[in-house]
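The same chain A turns up in both complexes below, where it pairs with chain B and then with chain C.
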Partner chain A sequence: MSMLATEEKLSVTGDRSTPETRIEDGGRRLGLMLTLPAQLLVLFIAVFPLLMQLYISLTDWSPLDGIGWWQAYELWNNFANYTDLAADSRFWDALGRTALVMAICVPAEFLLGLGLAILFMDNFVGKRLFYSVMLIPMMVVPAVAGYMFFMLFQSGGPVNDIVSTLIGRPFALAWLSSPGTALIAVMIADIWQWTPLMFLILLAGLVGVPEDQMRAATLLGASWSQRFRTIVMPKMKTIIIIALSIRVIENFKIFDTLYIMTGGGPGVATETISVYIYKVTQQDLIWGYVAAIALVILIALSILVSLAISRMNAAKEA
Partner chain B sequence: MTAIHLENLVKRFGAFTALKTMDLEIRDGEFMALLGPSGCGKSTTMNMIAGMEQPSGGRITFDGRDMNGVAMGRRGVGFVFQNYAIFTHMNVYDNLAYGLKVRGTSASETDRRVKAMADFLQLTPMLDKPSAKLSVNILQRLAIGRSAIVEPAIFLLDEPLSNVDAAFRAVMRTELKHLQRQFRQTMVYVTHDQLEAMTMADRIAVMDHGVLQQVGTPLEVYNDPVNLFVADFIGSPGMNLLKGTLADSDRGLVIDLGALGVTAPLDPALSAVARTNGVREVVYGFRPERVVLATAGQGLAMPVTFIERIGARTVVHFGDGEQRVKAVFDNDIAVQTGETVHVAVEPRFARMFDAATGVAIREV
Partner chain C sequence: MNRSLTFEIFRYTAILLALAVTLIPTLWMASMAFKPIAEWSAAGADLTWWPKSPTLDNFRFIFGTSTSDLIVALDRTAGKPILASLLSAVFGTLIAMTAGTAGAYGLSRFGSGQNLPLALIQLRLFPPMAVMIPVMIMWAFFGLVDTWWGLALIYGIVTLPFAFWLMKTFFDDMPREIEDAALVEGCSRLRVFMKITLPMMRPALASSALFVFILNWSDYLIALLLTTREWVTIPVYMASLSSSMTGQLYGAKAALGLIAAVPPVIMGIAIQKHLVRGLTFGALKQ
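Moving on, here comes the complex of A and B:
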């Protein structure tokens, strides 16, 4: 019996040269060759620019210098860009502003989206119509949304008109040119545009919560809020982390709508990190410095996202 | 412990009537099985008892209290779902503790009762295990324990064994009946499997097409089906049902089965009922297990068409076309396909139905 087993094992391990394995090896080679163009493409569009960015970020190179970027070593500055960055208060202010926008917009979008998704779990008249209407903001080109809100928030615009009607006396706040309110207007536009995405993702999550477990909880005497806390939220943990990650990353890069509405102004009142990078790139043309900023942000965001993913995996394990 | 009373219960889904005026009394502490093919309205009935669906008409009372409008969380009903609906994101302990926690039971009391329940159901070794990876018999015990821990007056079980493979079902049946005896709760058990209903229930309510057909102990339902549906549905194989005409003979009332011959004289009491009833076209019914071989020239002469050996027993199929008969014998029966055999049924095991209405003709 044991002899037989050993023989069997031997034949299994000594099987390298059977036609099947030869085909398998050939298959692997073929697979590599078929994916090679795509892999080279990824290398070219992702890895190569990253290395190029790292290289330039260690120099004072700018396109005005009249030498190719590959010759940037002639302007090597030994991490001066990074030390400058640490002392650049405009950078830190922009970063702080971005964080503020994120800290207000993402939770607001999440709560509004969740509330709407919960409403859409019930049936009501016109649900399909509302569903379509709800998704429109997400499909508007951000630049167009920017123009829309630019006009809405003019001092003689509809927003002020509505406020005037509500309070019963003339109201003519110059939203976009007052440092205190410009950022609020920008955040309202962002929340308007991106709540639907949250809504869509969270609705998918809610639909995925097993109905029988909800019923079981109800029969055991759990109230709506208890069911929400003990069944719905734990089941949706993964999807919530995904939704929040997407919005955090996207919100960090907030640019088009904002740039059209305020151009980062008045002054630097709405200058987020993307606007700052854009200005440094297009106006100051100090590309070595830009490369350093972008790299720092990339690393910071990567850390944030990997934290979120590890939380998500922990949630999945549990 | 609670008695459940269903009065004129009706459930319609749009134009479709799932349940047509059902009246049923489920006694305190009773194990009642709702048995019927899919679409017979048994699950609808159960969902209405639980409060998951609202009746379109009639009412449900628990010990006389009208349950209409009482939310499902407040009915004191324990529900075991077909797939058990275990909270897969919690461990065994948290599943058991759930009902107590949401009711605001103190932590020490919860802990004491969870441990007692786990001990009772032999779940103690797996209290800390995640519930997503448990085997099905543990899931069943956990589902029952999770409902039982809040001490519901009524236990509802919705086909809890339908996801279990056949070999394991017998084990689970025994376990379930055992648990019911210990909990002494009123249990309503929905199933399409007559074996489950027969082996576990105190009484069975047989349903078909939204109509309650018969309520009785397993033996009552088996021995004295009230109509052709129950006769055919209960038993495996079901009752043999042969069309015939009542005829008088010198030995008493008999049923003329046409080509198959004439039955033995009917039981005197049954004959009397049939005479007063005045029916002539009847259906003659008898259990396959009650068929015995008769000597040549006696009983019904029937050709053997097929022999089915199922181990301990042998099922012999007779006849063809309209008048088919199955008979169950010991496995050493000496018959062969093609030969014609004489079989008989003792008059006391014969049943009779009105051919026109399908209703049993029997002594009252």
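Moving on, here comes the complex of A and C:
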């Protein structure tokens, strides 16, 4: 009798309070379980490797030394890697070259992409097909794109053939083996491959501009450029920032196409920061030094990004 | 907007020009893939835009069934690299999608793992070259160098940010009424996720998986660092296709390049509706 009563009491209290709390607890537990794999992968690739990188960067360790990386302290070099780096002109040149490529490619991709996107804003015959074709370059495997442009820029290749036809006399420039033109060829390949990305993102933004506002402005006699400046651009601001950030970040990493086309050469003429690090990793094998370079870049990028994010947040609040 | 005739003429001229520039590199490679060796490079000023005597020799050559006019025979055919690319990209996609989907659902519904969005964006931000030293050491330690499963693991991690962010935006968009109804019916949270949410999200899962697959399939640098011989992927193998006897094996490389380029292009066009979402980490939707 008394047992029954307690049971009943329990179930009653249970019924009254659990629907909220039990689901919340269950949900939280399930949430933790579901996010665990992602958390573990992030830990596995971020925290431990970064500590390892920091440790190795303070030594002269190389995989050829015959000692495990954990014994690298035997080769402690009193921050020599960092002082070397400050005086490493090849590193600074590569960094400057990366910045140059970025300063030319990203604006070019942006302007070409924006121009194309404006042409695609309203309907016309063939739009869907043209749109799909336009997207092809960014889907091509970058290494394969590198090989395409490697072929195109051979001295007996199609680029020179087209130029010859246009200027009406034989033109045979060895694009990839002269320092000045190799960098241009590499940038053309990058612009070819990534203008579609700008086009795609900017077009998505442009189509989102409210049509009734545009029509009202047209009725009020606003010219095309006025409408563009006063209605389209303000709506597009965030989208433009996103598109530019993506390309700046990705362009900084430039490696695949470039490395297939020129291998960073001739000499160091097209050596960007990723190519430089790759070469030191594979050819010179001084991994302590590579770790130092990599860490400096990671820290610099992190600072830049947190600055950018705080600026953007400030702009949003203002 | 402006429907004047001059504008239409300008528009079509500009678009056709852009189309030509877009297509020429790809078409040149496709044409090269079907050219016999005699037409590979220009003799004098005679450049062959279309193969005069089209042949499948380049394809036979890379699969080792023909050496035809080529002096060299390959010591390794393209079969294994294609398998390596497929296995690493497929299983990498599986890893990224599993961890990404589960994590995204955990965050979207239960607010777990608040640190993940930013941590994953940072992961994507850094140049792979700047984090590869520890990865190479760890992979060597675990015996993962030059294996397709080692590549699959790093691919899964590298593309996890995309899988996570894409699925998060899809889960955020999904109405919760159906899930709530099932909960009231007495289903457990896990069961709701497995039996109701996931089947409903099938189209979203498919396009996210294709997007992630394209990214994995496109890798060159990581495979270059983490594979040496047995499990080199298509781009790494392709770069090794040149010999001291014939120089660049233009046609053979073009044939392989075509094989590598076609799947992602088809997949990309198939999921073009979601490309903007994927490329902008879900910040923009079409």
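What we mean here is this: the second predicted complex is superposed on the first by the 267 of 318 C-alpha atoms of A that agree within 3 Å, B and C clash if a C-alpha of one lies under 4 Å from a C-alpha of the other, contacts with A are read in each partner's own complex, and residues count from 1 in each chain.
To be clear about the criterion, a contact is a pair of C-beta atoms (placed from the backbone, for glycine too) under 8 Å apart; a residue touches a chain by one contact, two chains touch by 3 or more.
No experiment lies behind these values; they were computed from the predicted model shown.
> Does the superposition put A:Ala94 against chain B (first), chain C (second), both, or neither?
Once the two structures are laid over each other on A, A:Ala94 reaches no partner at all.
> Now for A:Leu183: first (chain B), second (chain C), both, or neither, which partner does it touch?
Neither partner.
> Quick one: classify A:Leu258 as touching chain B (first), chain C (second), both or neither.
Once the two structures are laid over each other on A, A:Leu258 reaches no partner at all.
> More residues of chain A in touch with chain C or with chain B?
After superposing on chain A, more of chain A is contacted by C.
> Name the contact category of A:Leu220: first (chain B only), second (chain C only), both, or neither.
It touches chain B, and chain C stays clear.
> A:Asp212 in the overlay: touching chain B, chain C, both, or neither? Say first, second, both or neither.
First partner only, chain B.
> Should A:Thr230 be classified as contacting the first partner (chain B), the second (chain C), both, or neither?
Touch status of A:Thr230: first partner only.
> Using the touch definition from the top, list the residues of chain A that touch chain C in their complex.
23, 26-28, 30-35, 37-39, 41-42, 44-46, 48-50, 52-53, 56, 63, 69, 115-116, 119, 121-122, 124, 130-145, 147-149, 151-152, 154, 156-158, 161, 164, 170, 192, 196-197, 200-201, 204-205, 214, 224, 239, 242-243, 246, 249, 252-253, 255-256, 259-260, 273-274, 277-278, 281-282, 287, 290-291, 293-295, 297-298, 301-302, 305
> Tell me, which parts of chain B touch chain A in their complex?
Chain B residues touching chain A: 50, 52, 72-74, 77-79, 81, 83, 85-90, 98-99, 102-103, 130, 146-147, 150.
> With touch defined as at the start, can you tell me which chain C residues reach chain A in the complex?
Touching chain A: residues 1-2, 8, 11-12, 14-15, 18-19, 21-26, 28-29, 32, 41-42, 45, 47, 49, 95, 98-100, 102-103, 105-107, 109-113, 116, 119-120, 122-138, 140, 156-157, 160, 164, 183, 188-190, 193, 214, 217-218, 220-221, 224-225, 234-235, 238-239, 250, 253-254, 257, 260-261, 264-265, 267-269, 272, 275-276, 279-280, 283-286 of chain C.
> Which chain A residues qualify as touching chain B in the complex?
So the residues of chain A in touch with chain B come to 210, 212-213, 215-223, 226, 230-231, 234-235, 318.
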